[in-house]
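One structure, pasted below without further comment.
Which chain is which? They are A, B, C, D and E, in the order written, and residues in each are numbered from 1.
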Amino acid sequence: MSLTVFALTGAALVGLGVYGLLALPHLLRRIMCFNLIGSGLFLFFGAAGARGAAVDAIPQALIITGIVVALSASALAVGLVVALARRTGHAALPDEDRAP
Amino acid sequence: MMADVATYVLTALGLVFFVAGTVGLLRFPDTFSRLHALTKADNLGLGFIALGVAFQADTWAQLAMLALIWALALLAAGTVAQLVARAALAQVQVDE
Amino acid sequence: MTVWLHIVALGLLASLGGALWRVWRGPSQADRMMAAQLVGTGGVGVLIVLAALQDWGLLVVALALALLAALAAVGFIKAQTPDGAGDPEETAPPSGWQNRRATGQADKRA
Amino acid sequence: MSALVVVLTLPLVTALTVLLLPARARVPVVLASSALIVLAAGALALAVWHGGPVTLAVGGWAPPLGIALRADGLAAALIMMSALVMGAVALAAQFELTPDRVGARMGFGFWPLMLLLWAALNAVYLSRDLFNLYVGVELLSLAAVALVALSGSAQALAAALRYMIFALAGSLLYLAGVVLAYGAHGTLDIGLLAVRVPAHTDALALGLMTAGLLAKTALFPFHVWLPPAHAGAPAPASALLSALVPKASFLILIRLWFEAMPDLASGAALLVLAALGAIAVIWGGVLALVQKRLKLIVAYSTVAQLGYLFFIFPLAGGDGSAQPWAAGAWTGAMFQALSHGLAKAAMFLTAGIYIAAIGSDRLGDLRGLARTLPMTGFAFALAAITLMGLPPSGGFTAKYLLMTSAFAAGQWPWALVLAGGGVLAAAYLYRPIAALFAQRAQTAARPIPRAWQAVPLVLAALSILLGLLSAIPFDLLQIGRPAPAQEGL
Amino acid sequence: MSLALDLALCALILGVALATVAGGGVFRAVIFFITYGLFLAIGWARLGAFDVALAEAAIGAGLTGVLLLAAHARLRRMQAGDAPPPAGLNLPAALAGAGMALALGWAWFALPVPATPDIASALPRSGVGNPVTAVLLNFRAWDTLLESIVLLAALLGVWILARDGDWNAPLGPRYHALSGGVLVNFGRFLPPIGLCFGVYLVWAGADYIGGAFQGGTVLAAVGLVALMANVVRPPRVSYALLRAAVVIGPAVFLLAGLLAAGFGAGFLTLPPALAKSVILVIEAALTISIAVTLALLVIGPPDDAGRSS
């Protein structure tokens, strides 16, 4: 039962993150939303890996790898946002596509 | 048995301090009084919880760990409270 | 004992929920950060209780959390200073703090 | 030590070495090790050619516990193509990205990022493990985003961020599918997933992974990030990004649809994939037609050329088994991937030469440059032949194979798109060619070393050679080809 | 009782996440995000995934939080700290989010319970007793090696974001602090504790809770405190020892794998007799690289404050 609670929480976190990613213009908030989606997926994964008779260690190891990868990506994204703001004064992408 | 009683009493006390800290955080009128309420309460709260749980510990290592956690929290909270107060004094800024 | 520890953990979580309201309300950044600090300490408390309840190994997690909460707070303090790299105790930035080779007190010491 | 381990690790070893070396030792080391990797890629292809697919259980742990690597003909061919492109880009970059031309920052940053990109590509080509592929693709994306941002202009940074958002969203969608796949089957290995007990969640898992990979492959309508990113990077980086990076996510799509879960392919899904590809061919071509800068034309052409790859899904099969055209479409799409890689890298490298010579890549400024830089103009024209799909290029072989299978399968709309796309390519490439070969030179050009000019020429010639000697790559691509690619999805 | 605790915890996790997404103001969102990581760490503890709880506490709640706080402060000084909050509910986005959540929710009830890889019988040959460490450093070592390279790629990516004029300046902003002040004393006092704790985590990770990533993160955290308190000075990009520290982890890992291949055992194959010591050596080297890389990722590219606006 507890596992279901955590898994559904994970699913809801993914939904929240997807909403924020699409709806929020500020890039720092989008980065946070990426992390919400990632951690929601991991929570779902962790709950799924704990269903068997013994807790499966592979999801846990993969999640740790995933957390580190997510941090790496966040750090690069944050760096890009700061560098962009330094040159343009905005922390949001221009709305119009460069495509004609 | 005695150990269990100690745990009940001390953790309850810790909980009370935490709740008091939260109430202070919510009720006090300005930033500085909230800050004061907070640092006192949550350090004592954590201390009593740690002490209460310590009566359930099996090994000395666990006791040492509990002591270390509390000491670290105390140190960090003291430092941080002082610096945050200075920062807040320098610029009482209201964001958004 | 198990039931009691559950109750303590639940009570702590409820108290933290209250602190979150202060994070929401602010109004100053310091208010939000201090409330978050209380949430951090409370989280350490919850983990200590869970350590007694589930596995003493969780004390390691509690210690890591305590350490990292301090880092977040220091990061906040830095961010509060005028240039984002200072120290609130330097009431005014040392003369020429813009220039890293200039005579900030900390520079002399190093 | 097997060639597979060498191609897997030598780019990494070189990247780490380059970080420790002083600036002047950097380029010789990269060039030497690039040559070694090309040799190792050749040895790997030879080993696959003679002995069939090469497999390796990393750490001695077989799946589902460990990670399996496998070089089939397709992986070997892609590794070889990537090695050639990387080697050429390194040769061009030693002229173009020297510290005194572009500054110490770019002069340093390009090399380790290029090598990490290479390592990620080879890791993805070889891996059989869905989560390992995730890590590999993340490494690929981070290195690629950094390369886009390398020039540091506001435009490049915005393009890099837009790219990053698509790449991260794609990664997370893919990861969601991986989580469901492991949750349902307890394995991440492509081979073991192929023999799994089907679960209700499989379609969702495959759909999520596919959507994520489409975003990374820049298939219409996920293509908006690609042109600014590829056009904003320094030319050698653009060459890598356009020629190689989308191929990695496309390869994972192939692995998923043809190897891991071919049983889930429904006619409608295959139709959607190919239809999006068809729209990309037309839309990318039309947009390329209206661009005024050479790099943007070439970048939009990538959107169009990647679209052809997706014709593989409905054409590499039909409703029966063992149709004769299956081989044609599957191999045709792979030929497209290979020849586009070589030709597109050549085009971006020529763009880099023009920018170095006259400081601009506007079509108006390029007028008459083929007179001052004849080798470069010739290289561009050769690469254009491949992209238009004219004989005897590799692009012609690709489109011929795809078109005959479309007719054989009775799916003539794809053939129509192939023909239309060829006409569009001829139209959008005619403009820069006409400008380059115009009678009088517009701008005075700075001299360009002949060795630099020769690099894109060699790549473009290789893309033609791929068509002339198509029998060898054709046979290599058949080695270890998954059964559904023979019988159709 | 236990279920009530989990329900309360999940409610807090969701509430904090909602506040991160829906609340106005970027700073508030950052603070909520920090508390989110904390509650998530407790959630992992409840799920029995102690190593993940440790990683989440250290990385999710700690480092990511500092990263975002520092970025927000920099953006605020460029008047880019906030964007106008979007008006009302974005319906397409809400539909996409709800669709995704519902799809995953449905999947949870539709997922079969599969047979999972047999770790227990392979564990004695892995050289370590902690199954998570065995997966990370032995069974799926190639993942972990690539992951350490991902960190390196991110660091290079952050470095090249420097302005050309700043390239030879020390990394990060120019931190300064009042000599003898509270912050400096804290910056002197904390690192020794963190050092012991981090090393303990690496050492204990082989058989108990911990590991190179968690230990490295703790080291990075105290390193950051020391940097911010100006007790330690950040080096320049060109500093040889820095380059060596960043490279040593992946390098030792690769070398071990290639040596194994050279002796005919196969790439990254650790003979059971040697596995424990080899893993400890790899973890020690990895910890150094992870700690340095993570700390430098957070402080960002060289940024000469004197020339910044």
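To be clear about the criterion, contacts are C-beta pairs under 8 Å (C-beta built on N, C-alpha and C of every residue); 3 or more make two chains touch, one makes a residue touch a chain.
None of the values given here were measured: they were computed from a predicted structure.
The chains in contact with subunit B as well as with subunit D are E. Interface comparison, B-C against A-E: more C-beta pairs in contact at A-E. Ranking every chain by how far its Cα centroid lies from the centroid of subunit E, the top place goes to D. When chain centres are set by their Cα atoms, the one at the greatest distance from subunit A is B.
Between subunit C and subunit D, the centres computed from C-alpha atoms are 47 Å apart. Separating the centre of subunit A from that of subunit D, both taken as means of CA atoms, is a distance of 27 Å. The centroid of the Cα atoms in subunit A and the matching centroid in subunit C are 23 Å apart. Rounded to a whole number, the gap between the C-alpha centres of subunit D and subunit E is 31 angstrom. Counting partner chains per residue, subunit D shows two or more touched chains at residues 131, 135, 138, 142, 145-146, 149, 152, 157, 176, 183, 186.
Touching of two or more other chains is recorded for residues 14, 21, 44, 48-49, 56, 58, 62, 65, 69, 72-73, 76, 80-81, 83 of subunit A. Looking at subunit E, one finds that residues 2, 26-28, 46, 48, 63, 72, 74, 82, 100, 104, 111, 116-117, 119, 139-140, 143, 147, 150, 153-154, 157, 161, 182-183, 186, 190, 193 touch two or more other chains.
Contact between chains, using the touch rule, shows up for A-D, A-E, B-C, B-E, C-E, D-E. The touching residues of subunit C, when paired with subunit B in their complex, are 1, 4-5, 8, 11-12, 15-16, 18-19, 21-22, 26-31, 33-35, 37-38, 41-42, 44-45, 48-49, 51-52, 56, 59-60, 62-63, 66-67, 69-70, 73-74, 76-77, 80-81, 87-89, 91.
Against subunit D, in their complex, subunit E makes its touches with residues 100, 103-104, 107, 110-112, 114-119, 122, 138-143, 146-147, 149-150, 152-154, 156-157, 159-164, 167-168, 237, 240, 243-244, 246-247, 250-251, 254, 257-258, 261-262, 265-270. Of all residues in subunit D, only 131, 134-135, 138, 141-142, 145-146, 149, 152-154, 157-162, 164-165, 168-169, 171-172, 175-176, 179, 182-183, 186, 224, 227-228, 287, 290 touch subunit A in the complex they form.
Taken together, the subunit D residues at the contact with subunit E in this complex read 1-2, 5, 8-9, 12-13, 15-16, 19-20, 56-61, 64-67, 103-106, 108-109, 112-113, 116, 119-120, 123, 129, 131-132, 135-136, 138-139, 142-143, 145-146, 149-150, 152, 157, 176, 180, 183-187, 197, 199-201, 204. Interface of subunit B with subunit E (complex): residues 68, 72, 75-76, 79, 82-83, 95-96.
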